[in-house]
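The data blocks that follow each hold one structure.
Note that subunit A is present in both complexes that follow, paired respectively with subunit B and with subunit C.
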Partner chain A sequence: MPLFGVEATFWALLGPFVAAALSPFLAKTLKHNAAWLLAVIPALAFLQFLSFVPGIAEGQTFKASLEWVPTFNVNFSIYLDGLSVLFALLISGIGTLITLYAGGYLKGHENLGQFLSYLFLFMGAMLGVVVADNVITLFVYWELTSITSFLLIGFDHLRRASRRSAVQALVVTGGGGLALMAGLILAGYQGGSFELSELLNSGDVLRESPYYTAIFILVVLGAFTKSAQFPFHFWLPNAMEAPTPVSAYLHSATMVKAGVYLLMRMHPVLGDTELWMTVLPIFGGITLLVGTILGIRQTDLKLVLAYTTVASLGLLVMLTGTSDPVAIQGAVIYLFAHSLFKGSLFMVVGTVDHESGTRDLNRVGGLFSLMPITGTAAVLSALSMAGLPPLVGFVAKEVLYDGTWHTVNGELWTGFAVLGNAMMFALAATVAIKPFFGAKVKTPKVAHEGTVLLIAGSITLAVLGLAAGAFIASVGHQLLSPMTSAILGVPFDEELHLFPTYLSPALYLSLATIALGIIIFMYMDKLRVIVADALRAIGWGPDKGFDQVLEIIIRFATTLTQTVQTGSMVTYMRATFTVIAFILFVPMILTGNWPKLQGIGSFYAYEWFIAAIAVIGVYAVLTARYRVTAIVLLGIQGFAVALIYLLFGAPDLAFTQFMVETLSVVILALVMTRLNLKPTDARSSRGKAFDISLSVLCGAGISMLLMSIVQLPFDPTLSEFFTQYSRTIAHGRNIVNVILVDFRGFDTIGEISVVMVTGLAVLALIRVRPKSNGNSNSEKNR
Partner chain B sequence: MNTLIFRTVAPYLSALMMLFSVFVLLRGHNEPGGGFIGGLIAVSAFAIYGIACGVSAVRRAMKFHPMSIAASGLLLAVVSVLPSLFLGQPAMTSQWLALPFLGTVIDLSTPLFFDIGVYLVVVGAISSIALSLEERAD
Partner chain C sequence: METLFSVLVGILFAGSIYLLLSRKLVRILLGIAILGNAVNLLIFTAGRLTRDVPPIIPLKSYLPVEATANPLPQALVLTAIVISFSFLAFFLVLGYRAYQELGTDDLLDMRVAEPKEHSEPPLGY
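And now, the complex of A and B:
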């Protein structure tokens, strides 16, 4: 049974966010030692998740739920089975070590607190992804990982390359996230539930749904972008701009595996179809080969690791795509092994970089005697990565070969796997041997062993890889088989052995891999030149394509903006009034509801008098020679309208109209004096003709609209209500005011907020002025 | 326009208009008037004063930045929404308090404060626009 009950998991999920809030303060007072204290939080979360293991090994699953937005079936619910628990253990466990490592790596950095804060935010988001039961919850956390990884990659935001990589990662993974959202919602509606725990038991419903292909494509898009599958792989190596703790955490064990997690999670309901078993292995296999080939080209150790991560993710996707139980078991073991050795190797490379001043593999060498512990970690992890006994990586390779060999198209997938693993073998050898063995090379800094904070993580993970290999039977039973069962949707428990018990094809394949790997390693330098030349010959890649797409979008946006926003007031006004004319006339034309022209002639004498004032006003405006005069004369119209209000018993309205008219004239006149306009009208006669017809249309349209409204039967419900209750409920005799401040006071709050914002906006606009005379006034305005 | 007569009369005129604007504001609940109209009258008063005596004089007379006045008005309006919440009624339910004052009874109510808020927002925002337009950089 869980340590503190299932509900305590919510606290484990909240923990990293609390740590994120604390980090800046602790880092200010304790400096890098804050890492020791902060690491306690993910460690506690780790213990909480660890306590689920015995129950899950017996086939139990755990659920808990909090209501979030019940109206939309959105709950904050969690679901723990073999898959989510192993992921949660990796995230919180490696997270603990990474916290320590970050403290050592960024020791003395002024923004250490900020960095730790981002790291914890990411950790919280990532934990949420893997334990979320509700698909919307999952999506929210999913996007949160994209955003936090943006912050982490762009941590060194003063460098252009960092900013570009951060934006690239955000665009690619965030964009994929949107596809995922659509896919999950579609799946939720088709499967009849938004809870994964229920959806996963829906059997063949999704596979038989007419929307299966759409769901598949959308979900796979989300997974491929996140897990850097070809052709979206380019963001991951670029993300190496981030400080090494980020790469060790996000780009080995956690974030990039979210896509793999998603595919594994959805496997029981989406997998085992022809589409699944074609698309996933092909893209996975290509990613595996592309990743390793590009990895050979690199001389930067961190980039070598990044490309092998791409390759490993490809391998995982390929294996998941076979839908074969043994292959998936292989994927699970490989995923576990990869998290340990890749996390460790990234930390090793970071330590080498930190202590020697470089991570270029041609500029380091013979460091083992200087950095024995880091070197040991490197060797152990590289052995696991190369798939050599007695490490867990060896078991992974044996099982996955065993799996692929027996699947449909098994020869092809096995071929991919052997070739990819052989190159990975060679790259592992490069990472471990080049820096630590061979002749000593003079490094930029005099290298020595890193601090405890720096080495604790890598050596722990490396030793865990060794231990997991030694105790593979119980690790398999407790951790790995439950995860495989969760992916398959049916119980699966095959005993794992460190050493093969009989001469299986897998063993021969393993030997072939090692032999091929050694050959590749021996010709590494030559291969590097060949790959580099080939890439130069191609000259284009998705990375460049990303820039081109962005450029096209920006160019399109610029063109569009320049077309629409001409900066000419006349154009804006014409566009606005044309639209108004359309809005007024189109419904009347379409419905044929023209107002009846009745009662026009039966005005009283004083009404004719007001109309005459308005007409004289119009005439005066039209014949006015100067703009300012025209504006002042425009006020006559307003006063005429105000008089009408007064005559028809609306003193409040009339009153307001008078004031508004007066102030508009004053403000308009002030605006006119500020703008350097020609005092007279400079429009062409054609332009004038257009404007005149437009204004006549708008005026006629408004009049006809009002006439139509007046000719409708009058519904007195509201006015009777207000008349009846304004005195009794609201204690006011002035109904207009009572409506404004009481009955519909909420509207008024909105309106005065608008007035307020308008005031601020105008103030801001007025303060923007050419630099030449800008300073004299800004002082006065304060 | 800026004649001696106008300049002499303007301060008195503005003062009268200010007084009138407050009168219009306060009587608004029962007679034609209210915060919006009152505010507009007050702005007109400032406008006249500004045309006659210059913007800096108006700013001195207002003591606070016009936008601060508008902001405090908005705050007052929003705060007057709240008392009903403490009494367990829906927000904005009006609360009335009859205070005996020198022989008469003064009705204090949340709508009154709400209206004063409206008045201040209008005064602040519109006069801020007018004033900043008026002070030209020449």
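And now, the complex of A and C:
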């Protein structure tokens, strides 16, 4: 049973985020030794997840849930089965070692605290991805891993290459994440549940859904971008710009496997179809070969490892894609082995780089006697990577060959696997032999063994690879077979043996792989030249394509912005009023609801007269030649409106309007006499014609809208309410005043505040002047 | 009766919009002043018109004795008049200061925020 109960897992999930918050402070006081203290948190999480193992090996699963947004089926729920628990163990376990390693690697770095903080944020996010039960929760964590990966790759943000790689990783994995979200939501609605634990029991519902292809493409896009499958593989080697602890942790052992995790997770409901068994093995196989071939090309040890990681991910996707139980068991063992040996090898390369000052294949050699522990870790891990006994990598290769050999199109997939593994063998040999054996080469720094913090991780993982090989039967029963069962959706438990018990085809394939690998290793230098020449001949790759696509997007956005936003106020105003004219007329045209023509009613002569004054006033303002005339005419128009208020039962409005108009005229006169109002309009006759038509159109539209409104029956509810209660409740006889100060008193407070703020703003505008003002106008007017 | 007022409101709007479409700061300010009146009159008219009788309750009564003008739009317009006045005052001073700082009252020359020359988009990382 779990150590502290299933609910304690929530604390294990929270732990890394707490550590992220603590890191900067601890690193400030304890320097690199803070790593020792901080590593306790992932170690505790590891123990918590480890306590589930016996139960899960017996076929149990564990669930717990906290409500988040239940109305949208979003819960903070966790689901632990063989698949998620092994991933969680790898993340927290390797995370513990990486924390130590980071402390040693960035010893003395001023931003160590920040770095550890990002690293823990990632750890928390990644644990969330693999234990999340709710698909929305999973997606949130998924994107969080992309973001933290961005932060970590761009850690050395003063270098352009770092920034580029960070952006690239974010765009590729984040973009895939969006596809994944759509896919998961679609799957959730089709499958009837947003909880993976329920969705996985829905049987053939998704496979028979008409949206199966859409779900498949979206989910696979998310997985392929995250797990760097061809043609999205290019971001992963670029991500090696990050400090080595990041490469070891995110870009080999954990995050890049999130895509594989997703495919494995969804296998019970999406797998085992013709589409699945075609697309996945083909892309996986191509990725395997492309990764290894590009790996041969490299001389930078870290890049060699990066490309073999791409290849290994391809292999995992290919195996998952076969939907064959034994092949999937092979994938599980390989995934486990890969996390151990690749994490270890990255740390080894980082240590070599850190201690000798270079990680170029041709500039290191004979380091074994100087760095015996690191060298041992390198040899053990490389043996596992090469698939040699007695390491766990050997078992993985045996089982996966056994699996692929018996599937549909097995010859093809086996061919891919043998070729890929042979090249992987050669590359493993290169990584282990080149730096540590042979003649001593003078390195930029005098090499010596790394500190405890630096070597603890790599040697632990390497020895674990050896131990896992030795105890493969119980490791298989406790950890690996439960994971295979979870992927398959049916119990699977075949005993694993370190050494083959009979002469199977897999053994012959293994021998062929080794033979081929040795040949490739011998001709490595020649092959490197050939691959380099071939790549130069092609000259274009998805990496360049990424830049081109980005440039096209940016240029398009710029052109679009410049077209839409010309910077000319006149254009903006014309566009605005054109839209208003459309809004006014389109509904009337579409619905045919034109206002009815009615008689204008009977008016007294003086009412006509006042209306005429208003109209004439406006017309005169338009045509005024001098600014004083314009101001006076504006006042006339305003007074005419005030008279209208007076005649139609609104004395309060009339008085206010009189006052405001008077003030407006005074202020206008004050300001405008200082402005230079040219008599000419400065508009071309065509522009004038357009503006006149536009304003007449808008005016006519508003007229007709108002006509339509007043032709509707009047709803006097509110007016009656105010009239009725004005005296009885609010004790006032002037209803308009009562509304203003009583019923809607807060509105009036708001209005007063607006006036006050405006007053302050006016004051500020007038009084605040730039200190050094060479503008002659302002001098003149002061 | 409201029909005539609708036409009047439309004319005020048309005049104000024509001024707003101008290039010259001063004409735009005049347009804003007229726009305020146009909108107020629109609200007033939409609340229906009643001649002569203001919404005031006689001294000895608790309710108006005859049909009065609609008090609601009056209350709204009263607020609006004051707000549009502050608006106008602010814009006047803003326009005045802009003229002082930039030395022009032509909108096409006021291009500090959106300069005429387009710069290259940021293509690097």
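Keep this in mind: the second predicted complex is superposed on the first by the 641 of 782 C-alpha atoms of A that agree within 3 Å, B and C clash if a C-alpha of one lies under 4 Å from a C-alpha of the other, contacts with A are read in each partner's own complex, and residues count from 1 in each chain.
To be clear about the criterion, a residue touches a chain if its C-beta (ideal position, glycine included) is under 8 Å from a C-beta of that chain, and two chains touch if they have at least 3 such contacts.
None of these values were measured; they are calculated from a predicted model.
In the overlay built on the shared chain, the residue A:742 is in contact with subunit B alone; subunit C does not reach it. By the touch criterion stated above, A:753 is placed in contact with subunit B alone, subunit C being left untouched. Of the two partner chains placed around the shared chain by superposition, subunit C is the only one that A:723 touches, whereas subunit B remains out of contact.
Contact with both subunit B and subunit C is seen for A:734 once the two complexes are overlaid on the shared chain. Using the contact criterion defined above for the overlaid structures, shared-chain residue A:452 touches neither subunit B nor subunit C, since it reaches no partner. Comparing subunit B with subunit C, the partner in contact with more residues of subunit A is C.
In the overlay built on the shared chain, the residue A:674 is in contact with subunit B and with subunit C.
When the shared chain is aligned, subunit B comes close enough to touch A:662, but subunit C does not. Contacts of A:598 after superposition on the shared chain: subunit C is touched, whereas subunit B is not. In the superposition on chain A, contact of A:766 is made with both subunit B and subunit C.
Subunit A residues 651-652, 656, 660, 663, 667, 671, 674, 733-734, 736, 740, 748, 755, 758-759, 762, 766, 776-777, 781 lie at the interface with subunit B in one structure and with subunit C in the other.
Residue ranges of subunit C in contact with subunit A, taken from their complex: 1-27, 29-30, 33-34, 37, 40-42, 44-59, 61-64, 68-72, 74-75, 77-79, 81-83, 85-90, 92-97, 99-101, 103, 105-108, 110-111, 113-116, 118, 121-125. Across the complex, subunit C is touched by residues 160, 163-164, 167, 551, 554-555, 557-558, 562, 565, 567-570, 573-574, 577, 598-601, 603, 611, 614-615, 618-619, 621-622, 627, 630, 634, 637-638, 641, 644-645, 647-653, 656-657, 660, 663-664, 667-668, 671-672, 674-678, 681-683, 691-692, 694-696, 698-704, 706-707, 709-710, 714, 716, 718-719, 722-724, 726-728, 733-736, 739-740, 744, 747-748, 751, 754-755, 758-759, 761-762, 765-766, 770, 775-778, 781 of subunit A. Those residues of subunit A that touch subunit B in the complex are listed here as 651-652, 655-656, 659-660, 662-663, 666-667, 670-671, 673-674, 730-734, 736-738, 740-742, 745-746, 748-749, 752-753, 755-756, 758-760, 762-763, 766-767, 769, 773, 776-777, 780-782. If you check the complex, the residues on subunit B that touch subunit A are 28-37, 40-41, 43-44, 47, 56, 65-67, 70-71, 73-74, 77-78, 81, 92, 94, 96, 107, 109, 111, 114-115, 117-118, 121-122, 124-126, 128-130, 132-137.
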